[in-house]
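Order of writing sets the chain letters: A, B, C, D, E and F. Residues in each chain are counted from 1.
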Amino acid sequence: MLPSWVAGATALLSLLIIAAFYPSVTNGGVLRFEGTWLPQLGLNFTLRMDGFAWLFSMLIAGIGFLVVVYARYYMSEDDPVPRFFSFLLAFMGAMLGIVISGNVILLSVFWELTSIFSFLLISYWHNNAAARDGARMALTITGIGGFCLLIGLLLLGNIVGSYDLDKILVAGDVIRGHSLYVPALVFILLGALTKSAQFPFHFWLPNAMAAPTPVSAFLHSATMVKAGVFLLVRFWPALSGTYEWFYLVGLAGIITLVLGAYFAMFQQDLKGLLAYSTISHLGLITTLLSLGSPLATVAAIFHMVNHATFKASLFMAAGIIDHETGTRDMRRLSGLFRYLPITGTLAMVASAAMAGVPLLNGFLSKEMFFAEAVETHADSILDRILPYVATLASAFSVAYSLRFIHTVFFGPPPTDLPKPKPHEPPRWMRSPIELLVVACLIVGIIPAVSIGPFLHTAVVSVLGADTPQYSLSIWHGVNLPLIMSAIALVGGTLLYLSLRKYLATCEDGPPILRNLKGQRIFERILVEVSWRWARTLERRFGTRNLQPQLRWVVATGFLAGLLPLYLSGFETREIAFSGIDPAFAAIWLLGICLAFGTAYLAKYHRLAALVMLGGVGLIVCITFVWLSAPDLAITQLLVEIVTTVLILLGLRWLPKRTEGLVEAISLRARFRRFRDLALAVVCGIGMSFIAYAVMTMPVPDAIANYFLENAYSQGGGRNVVNVILVDFRGFDTLGEIAVLGVVALTVFALLRRFRPADDSMDLPEQQRIQNSFDEDRPERSAGDTVRDYLLVPSVIMTWLFPVIITFAVYIFMRGHDMPGGGFSAGLTLSIAFLLQYLAGGTRWAEDRLRILPLRWMGAGILTASATGIGAWFFGYPFLTSHFQYVELPLIGKMPAATALLFDLGVFSLVVGSTVLILVALAHQSIRINRLRAIDAARTEEG
Amino acid sequence: MSAIILFTAVSIAQLMLAAAMAIASVRMFRGPRAQDRIIGLDTLYINAMLLLVTFGIGTGRVIYFEAALVMGMLGFVATVALAKFLMRGEVIE
Amino acid sequence: MELVLATAIGVMTGCGVWLILRPRTYQVIVGLSLLSYAVNLFIFGVGGVKTNVPPILVDGVPNSTLADPVPQALVLTAIVIGFATTALFLVVLLASRGLTGTDHVDGRNEPK
Amino acid sequence: MTGWSHHLIIAPILVPLVVAALLLFFDERQRVVKAMISLASTLILVAVSLALLRIESGPNDFDGVYLLGNWAAPFGIVLVLDALSALMLLLTALLSVAALVFSLARWHAVGAHFHTMFQLLLVGLNGAFLTGDLFNLFVFFEVMLAASYGLLLHGSGPLRVKAGMHYIAVNLAAALLFLIGVSLIYGTAGTLNMADLAARIPDIEPDRRMLMEAGAGVLGIAFLIKAGMWPLCFWLPTAYSAASAPVAGIFAIMSKLGIYIILRLTMLLFGDGPSAGFGADVLLYGGIATIIFGTIGVLASQALGRLAGFSVLVSSGTLLMVLGINDGAISSGALLYLVSSTLTISAFFMLIELVERGQDAGAIVLAVTMEAYGDADEDEPEEGEGVTMPGTMAILGICFAACGILLSGLPPLSGFIAKFAMLSAMMGTGAIGVPPTATVWILVTLVILSGIAALISMTRAGIRTFWSSLEGTVPRVLVIEIVPVMFLLFLTLALTVQAGPAMQYMDTTIRSLSNPRIYIDAVRNAAVVPDYDGVSSTNTGSN
Amino acid sequence: MMQSAADMPVWAAIAVAFFLLIGSGLALIGAIGFMRLPTFYERIHAPTLGTSWGIGGIMLASMIFFTVSSGRLVFHELLIGIFVTVTTPITFMLLARAALHRDRAEGNGNVPDKPNRSQPAREVLGESDPRRG
Amino acid sequence: MLPYPLLTLSLILMWLLLNGFTPGHLVLGILVAVFASWAMASLRPEKPKLAKWYLLPKLFGIVLYDIVKSNIAVARIILKSGRRSHNPGFLTVPLDIENHTAIAVLAVVLTSTPGSAWLEYDSNDRTVLLHVLDLDNEAEWRDTIKNRYEKLLMEIFA
C-alpha cells in the first residue's frame, strides 16, 4: 500500500526534522520564522518553536508515525486508504501548526483546521450513521469553540496590541489587569475546554469513537484533545494566576476529572471506556493548570506526555481486539489472553500506567498531581475538597483500568464473538504498541534520565524564570501523595470487585445518569433550535407571499420619506388656493373620480377598469399639455394606446371573474382590507404632502438653466427636452432603449413557452357562437361573421397604414426642434403595424408584412452605439454630438446633427421592441389553436 | 376687447368640454354594458382632444397641435381594440 | 395649480397602493400603472408647475420663463421604462396564470 | 485627452451592449456562434477591468472621469472610475466568465436569447458601478433589473414564474421609489450629478435639506430592497433559488450592487457636513435584523438553493451593519468580505445545481424531516467498510466543503480572512485599547452566530447530500460546469494567500472613499475636450 | 412672430368665440345625450354630435384664430377633422355590432333578426350587468 | 413606381399641411409619400377604381350639409328627450355597391351623420342593418341612402 508508505515516510521525516531542532530550543531558546500575510492587521505567518512546542511536536510526529504504521495493517483493503492517509497527514500538519504558531490568529487558523480534518477523519466510514453523527457533533462543538477562541484572541490582541505570541506572553500583567481580561479569558477557555472535551462540553468525544481506531488513538488521545490543554499551558504565563482563572478552569477540570472517571467505569464499549478515561485525564491536567502554581504546570506538562503514550497504546490495543474479535463490547469479550498473550501483556502494562501503578509513567505524574492537590493555592471550598476528589477519581481510574484488563483478557473463553478465532495481529501492527509501552516503562523507571531533559526544556520555555525545583524520582519517601495513591489503588480494586457482577450485564453508562446523555440533549437542542425554532421564526418574520412584501415596501417607503421630515420638524408653506385654473381643476376632479373608479372596478370589472385607467392616462396627458410639456403628452398618449392593447391581449388569458358569488369575508380578511386601506390613504396623503412641499419650493439654481441656454447653441435643437434626451443625457436614452429591448426579449422568450390555463384553452365563447351561427346556415361559411364584421373597419385601417407611416416620419424629423422624436415616432410606427394585425389578423398581416423585430432592435442599438463611438475618431468622448447646417440643393439649409442619427437608433429599437412584444402576444391565439389540435390528437390516442 | 371675448369664450368652452368629459366618465363608470364604457372612453378622447385645441387657442401656441393630432389619429386604436375584444373575445386573431 | 396636482398625485398614489396590495394579478398591474402615473406627475411637478409658458426655445423669449426641461426628460425616460416593465409584468402574470391555473399573486387557488 | 486608453472606462458598458446587439442578428440555431461571441465579450471584460484596476491602483495620475458627450459635469453624465468601481467591475467580470462558461453546458440552450440578456445584465451592472449620475444610475439599475427579470425567468416553469412575478412586482415598486427619491433630490438640490450634489449639500438651506433627506431616504429604500435588508428581502431567497444555476451565479453580484451604491452615496453625501451620518442607524439596525433573519433562514432551509439565498441575506446584513457603523478600518474588512462572499455564493449557486442533479427533491425533504423528528436512520445497519466515492462526487464534495468553509468563515479560505479583518478592526489590533461597545459586541456575536448557523446547516446539508444518499445516481457533470465553480473557489484561495495586497487595496479604496473631496474635485474639474478648428462642435460648459 | 390675442380684430375674436362655443356646445349636448338616451342603440348617436360639428366648430375656430394671429394661412386642423371623421365610425360600428351580437345571443327580443337559435342564451360577455341593455 | 397616385398625392398634401410649404419640404414630402405608398403596396389591399374622382367634392358637400342638418335635429331630440319625442328603430337596406372601399365610405358617411348608425353588413344577402334615432319616415331614409349616397358612390367607384 503505497499511500501508507508515503504517509509513514512523511511522518518519520517530520519527526526527524523536529528532533533536529532540539539544540536550538534548549534553555529557553526560541526558533522563529516570519512570513508576511496580512501585516496591516497583524496577522503574519509566524512560526515559533520553543521547548514546549518542541516536546509537543515530537509527540505529534512520533505518535503520528506510529499510528500510520499501525493503520497500515488496521485498515482493510476495501477502504479508500489514500483518503484516510491524506486526511491523517493533513491533520498532523494542522496540529503541528497549532503547536508552532507564533501568531495567535495563525494558531486559531490551525485550530479550526484540526476541527475540520477531525470531522473528515471521524466520518471516514460515512456510510455508518454513528460516524456521521459523531463527526458532525465534534465539528459543531469544536467549531463553535474555535469561533469563541478567535474572539478571545481578538480581545487579547486588543489588550496587547499585537497577535504575536511573544508579545502576548510577556504582557501577562497588562492582560490580567485589563478590563477585557475576563471576557478574553472566558472566550479562550470556551475554545480550550470544548477542544479538550471538558465538562460540560465533553460529550462529543465518546461519540467520536465511531472513527477508525487509529484516528481515535491519534486524535482523541494523543493530539487533538490535547490542543485545549496545550493552549492553557501556552497562555499560562499570560492568563493564569487570577481567581477567575482558578475558578473557571478549576471547576471545569475537577468536575471533568471525577465525572469522566465515573462514567468510564460503566462503559461497555472498550473505546467508550477509553474515551471517558481520556476525558477524565484531561480534566486532571486542566485541574493542575488551574492551580496557578509552577509545579502544577510541570505536572500538567508531564502528564500530557504520559497520557499520550499509554492512552495511544491502549487505543491501539483496543483496535486490535476489535479487529480480531469483531466486537468492542465488554459484555461479550472474555478470556482473550489465551489468544492474544502479547497484546494482552502490552495492554496490561499500559492499563497499569493509566491506573497509576508505580514504576510506570502514569504513576509519576499522578504523584505530582496529588502533591499539588494537598497544597493550598487559593483558599476556597474548591481548594479544600481537591485532595478527596483527586483520590476518588484516582480510585475510579484504578477500577476501570482493572476492569479493562480483567473483563477482556481473563475469565472463561468468549462464546459469542462475531469472529470466533482471534489471533495475534501481524508483527508490525503490534510494534507501535510495544514501542509506546516500552516508553511507559522507561519513563516510569528512570524518569530523570529519559524524559527529564526534554521536560525541563519544555517547562523552562513555559515558565521561564518561574521554573521551580522539582524532582523526577520514583521515591519521595512516605508522604501524603503516596498514601493517597495507596488508598486509590486499594479503593479502586475493591470498587471494581464490588461492581463486577453488575458491570458484566448492565446497560451502557452509569446508573441513573445513563439516561442523561449529553449527546441526546445536544441533538435535541440542535434540532429544536436550529430547525423547529428557526422554521417557526422564519415563518413569523418572513413570508413567501407577495402582498406582505409589497406592504412592507410601501410602508418603509412611506416612513423613509416622511420620517426625516417629521423628525426635523418640517413645515410646509401655507396652502395657496389662488391661481387655480378652474378647467384644470375640473379635469382633475374628473381624473380623481376615474382613479377611484379604476381602483373600485379592478376586481370584477376588468375591462371597465382598463377603460377607466385609459381615462386617467388621458387626464395625465392633458395635464402635461396644460403644464407646457407637449413631448410628454404625446409620449404618454402613445404609450397609453399601446399599453391598453397589450393588456387587452393579455385579458383573453385571464380567468373569468364574476361578482355573483360574494364570498363570506372573514374577520381577518376584513382587518387586512382595513389595514391596506389605511395604508393607502396614509400613503396618498403623504405623497400629496411631499409633492406639494416640493412643488411650492422655489426652484433651486438648477442645471436646467445650462440646458436652456446651450440647447440651441451647442446642441442644435430648440426642443430642449429632446436635446437633453439625445445629446446632453443621451447615455440615459441608450440605457433606456436597452431596457425596452431586453424586456421585449424576455416577453418573447417567456411566451415561447407559454401555455394557458385549461379554462382559457377554448375559443372565446363569442367566436364559438359566431362560428356555429355561420356553420348552421347553408349560405354562410365559418368566418363570414367576422369577415363582415371587419369589412368596413379593415378597409379604413388598411388605408391608414401609409398615413400613419408618414406621420411617424414627421414626428421623428421634427423631434429635435419640436415635440416628437425617435421614441414617439417608433411607437407611432408600431401602432401602424398593430393596426394591420387588428384589421386582418395575424396570418393576414404576416403574409404581407415581413417585420423582423429582432433586426430592428439590433440595428437600433448598433446605430445608437456607433453614433456614440464615432466621436472617438475625432478625439472626443463617447456620444459627443456634432451638428452643423448643411446646404442641400432645393431644400436649403438643413440642420444635421449626429444626435439625429442617435435618435434613429432609438426609433429603430422602439419599433422592433414594441412590435416584438405585440406580435409575441398576438401569436398566442395561433399557438393555442395548434396546442388544441395536439391535445385533441392526444385524447384520441389515449 | 378681443382678449376678453376670446378669454371668456375659451373658458366657457373649456368648462363645457370638461363637463362633457365628466358625463362621459359617468357612463364609463356606470356602464351598464361594456359597450357604453368604451364609447365613454372614445367620447372622452374626442373631448380631450377638443380641449387641447381650445387650450391652444387660449394660449396662442400651435405647439399643442401634435398632441391633439395624435389623439385624433391614433386615439381610436385603443377603443377599436376594446371593441374587437368585446365582439370576438380576442383582439388579434 | 400645485394644490390640484398634489391632490391628484396623492389620490392616484392611494388608489395605486390599495390595488397593489390586492391579491389578484390584474389588480396589481392596474395599481402599478396608476402608481407610475402618480410618480411621473410627481417627477414632473418637482421642476415647478408652470402653465402657459413656451415649451420650446423661441427667439426673443427669455429662457428663464421656460419650464424646467430636466424633469421632463426624466419623465420621458420613466414613461418608457414604465411601459416596458408593465408589458413584462403582464406577460409574467399571464405565464403564472397559465402555470398555476389561478390569477392569485401567490398562485393560490382559493380566494382568501 | 489622454488618448484612446481613456475610452477604456466606457468599455465595460459598451462591449456587452454592442455584443448584445450583434447577437440579435444571429438565429437561435446558431447557438455556438452566439456562445463564442458572448464568451469573448466576458473575457474582454475581464481583461478590461483588470487593466482598469491596475491603472487605478497604479501610481500614475489616471483621469478616471469620463465626460459622456463631452459635456462638463454636472450637466452631462459622467462615468467615474475609482478604486471601488474598478474592484466591482473586476468582480462582475470574473463572475460573468464563470457563470457564462457554466451556462454553456446546457442552460444557455433552454430558452431564447440567453446570451443577449446576459450581456445586457452586464451592461446594467457595469453602468451602475461606473456612473456618477443619480438618474443615470436609475437607468442602469433598470437595465440590470430588466435583464435580471429575463434571466430569472429563463427556463420558465412554475417555480421560476411565481418567483419572477414576486421579484418583478417588488422591484417595480422599488423603481417607483427610486424615481420619487431622485426627483425629490433634483427638486431640492437642483442637480443629478453625485459629486455636484455632494458639493451642494452644505449650501442647501434647512427646509430644502429636509426634503432632500426625505428623498435620500426613499432612494435608500430602493437600494435596500436590492441589497435585501429585512423586511424588504423576502423575495430574495425565493428568486435566487428559483433562478437557473448560472443566473443565480451572476445574481450574486446584484445584491452587492445595492450595497455598493449605499456605500458610495453615504460616503459621498453623508460622510461629513450638515447631513453627516444620515440613515446610519437604519443601516445598522436593518443590518442586524437582516443578519438575524438570514441566519434563521439558513438554519431553517431544507433546500440548498434557499440556504444559499439566505446566505446572501447574511452577507448583506453583515455589510449593512458595517456600513451603519461607518468606520474606515471595519469597512476595509467589509470590502474584502464583500468580494469573498460574492465569489462564494456565486460558486455555491452553481455547485448546488450540479449536486442536486442526482437527487430527487422528495428524498431531501424526507431525509430532513426524519432528522428533525428525532430518529434519523438510527436503525440503519452499521457497516465497517468505507465506500469509494465516484470521482465526480469527490470533486463536488470538495467544492461543497469549500463552500461550507467559506460561508461559515472557517479557515483557511477567504471567508475567514474577511471575517477576521472585520472583527479585528472592531475588537482586535485594529482597535487597540478601545473596549468594544455594546454595538460591537452585538455585531461580533451576530457575525459569529451566522457563521455557526452556516456551519450547522452546511454540514447537515452536506452529509445529507454526499453521505446519506449514495443510492442516488451520480450526477452527470461536465468539465465546463465544474471548472467555473473551482475557478471561483480558487479565487477565494488566492484572496486568502494574497490577503495582504488585497487588504492594501481595500484600505486605499476606503481611504479615498472617506475623503469625498477627491471624488468631487475630480468630477468637477474634469475638462472637456476643446474644439478643433473647422468643426463647430459642442464646447466647454462653464461651471 | 405671433400676435397676442388682444391685437386680434374684434370680428375675428367673435368668429372664433362663436365657433368655439358652437363646437363645445355640441360636444356637451352629445355627451348629455349619451347620458340620457335610454338604450344603447340610441346612445351611440349622441356622441357623433361631438365628432362631427363639435370638432368642426372648434377646428374652424382654431383655423381662424391662428390664421389671423399668425398672418398666414393655417389649416392643418383639417387633418384632425379628417382623421376623427374617418376613424370614429370604426369604433361605433364595431361596438354596435358587438351589442347586436350579444342581444341576439341573449335573446333580447327587440333587435332585428338573425338570432342564433342553436345556442342557448347565456352570459357571454363577462363584463357587464345583464339586467339592463 | 407609384402604386397609388391619389394616395401619394394625399400624403404629400398631408406632409405639407403638417410642415408648411417650403421647397425642401416638398421634396422631403414626396420622398416620404412615395415610401409610404410602397409600404401600402405591400399590404396588397383591394385596389379601388376611382372612375369619377371629381365627384368626390360633391359627395363631400352633400355630406357636410346633411351633417349640419342632422346635428340640429339630434341636438333637438337630446335636449327635449324628457318626453319621448323620437321614434328610434332598425332599418335594413339592401345595397348594390360591392366595392369594399365604397361600402366603407358609405359606412363612414352614415355613421358620422348624427342620427344614423351603421350596425351590420351581411355579405351574403348584401344588406346593411342601420339604426336610426328618429325613424318617422322609413322610406325617406331608404331613399336618402340609395339615391343620395349610394348612387353617387357607384358613380365614383365605377
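Here is the rule we go by: a contact is a pair of C-beta atoms (placed from the backbone, for glycine too) under 8 Å apart; a residue touches a chain by one contact, two chains touch by 3 or more.
Every value quoted in this text rests on a predicted model; they were computed, and no experiment measured them.
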| item | value |
| --- | --- |
| Chain closest to the assembly centre - both centres taken as Cα means | D |
| Intercentroid distance (Cα basis), chain D paired with chain B, Å | 49 |
| Rounded Å distance between chain D and chain E, as computed from the means of their C-alpha atoms | 56 |
| Interchain centroid distance [CA atoms averaged], chain A/chain E, Å | 66 |
| Intercentroid distance (Cα basis), chain C paired with chain A, Å | 39 |
| Chain C, residues touching no fewer than two other chains | 20, 25, 28, 42, 46-47, 52, 54-56, 70, 77, 81, 84-85, 88, 92-93, 95, 99-100, 105-106 |
| In chain D, residues with contacts to at least two other chains | 135, 139, 142, 146, 149, 153, 156, 161, 165-166, 169, 173, 180, 184, 186-187, 192 |
| Multi-chain contact sites of chain F, meaning residues that touch two or more partners | 14, 18, 107-108, 118, 120, 122 |
| Touching pairs - complete list by chain label | A-B, A-C, A-D, A-E, A-F, B-C, B-E, C-D, E-F |
| Chain B-touching residues of chain A, taken from the complex the two chains share | 582-583, 586-587, 589-590, 593-594, 597, 601, 605, 607-608, 610-612, 614-615, 618-619, 621-622, 625-626, 630, 633-634, 637-638, 640-641, 644-645, 648-649, 651-652, 763-767, 770, 786, 789, 793, 797, 800, 803-804, 807, 811, 818-820, 828, 831, 834-835, 837-838, 841-842, 921-922, 925 |
| Footprint of chain E on chain F - complex, ascending | 14, 17-18, 67-68, 71, 74-75, 77-79, 81, 88, 90, 92, 107-108, 111-120, 122, 129, 131, 133 |
| Complex contacts: residues of chain A adjacent to chain E | 605-608, 656-658, 765-766, 769-770, 772-773, 776, 789, 792-793, 796-797, 800, 803 |
| Parts of chain E lying in touch with chain F, wherever the complex brings them together | 26, 29-30, 32-33, 36-37, 39, 41-42, 44-46, 48-49, 51-53, 75-76, 78-79, 85-86, 88-89, 92-93, 96-97, 100, 111-112, 114 |
| Residues on chain F engaged by chain A in the complex (per definition of touch) | 4, 7, 11, 14-15, 18-19, 22-25, 27-28, 32-33, 35-37, 39-40, 42-46, 100-101, 103-104, 107-108, 118, 120-125 |
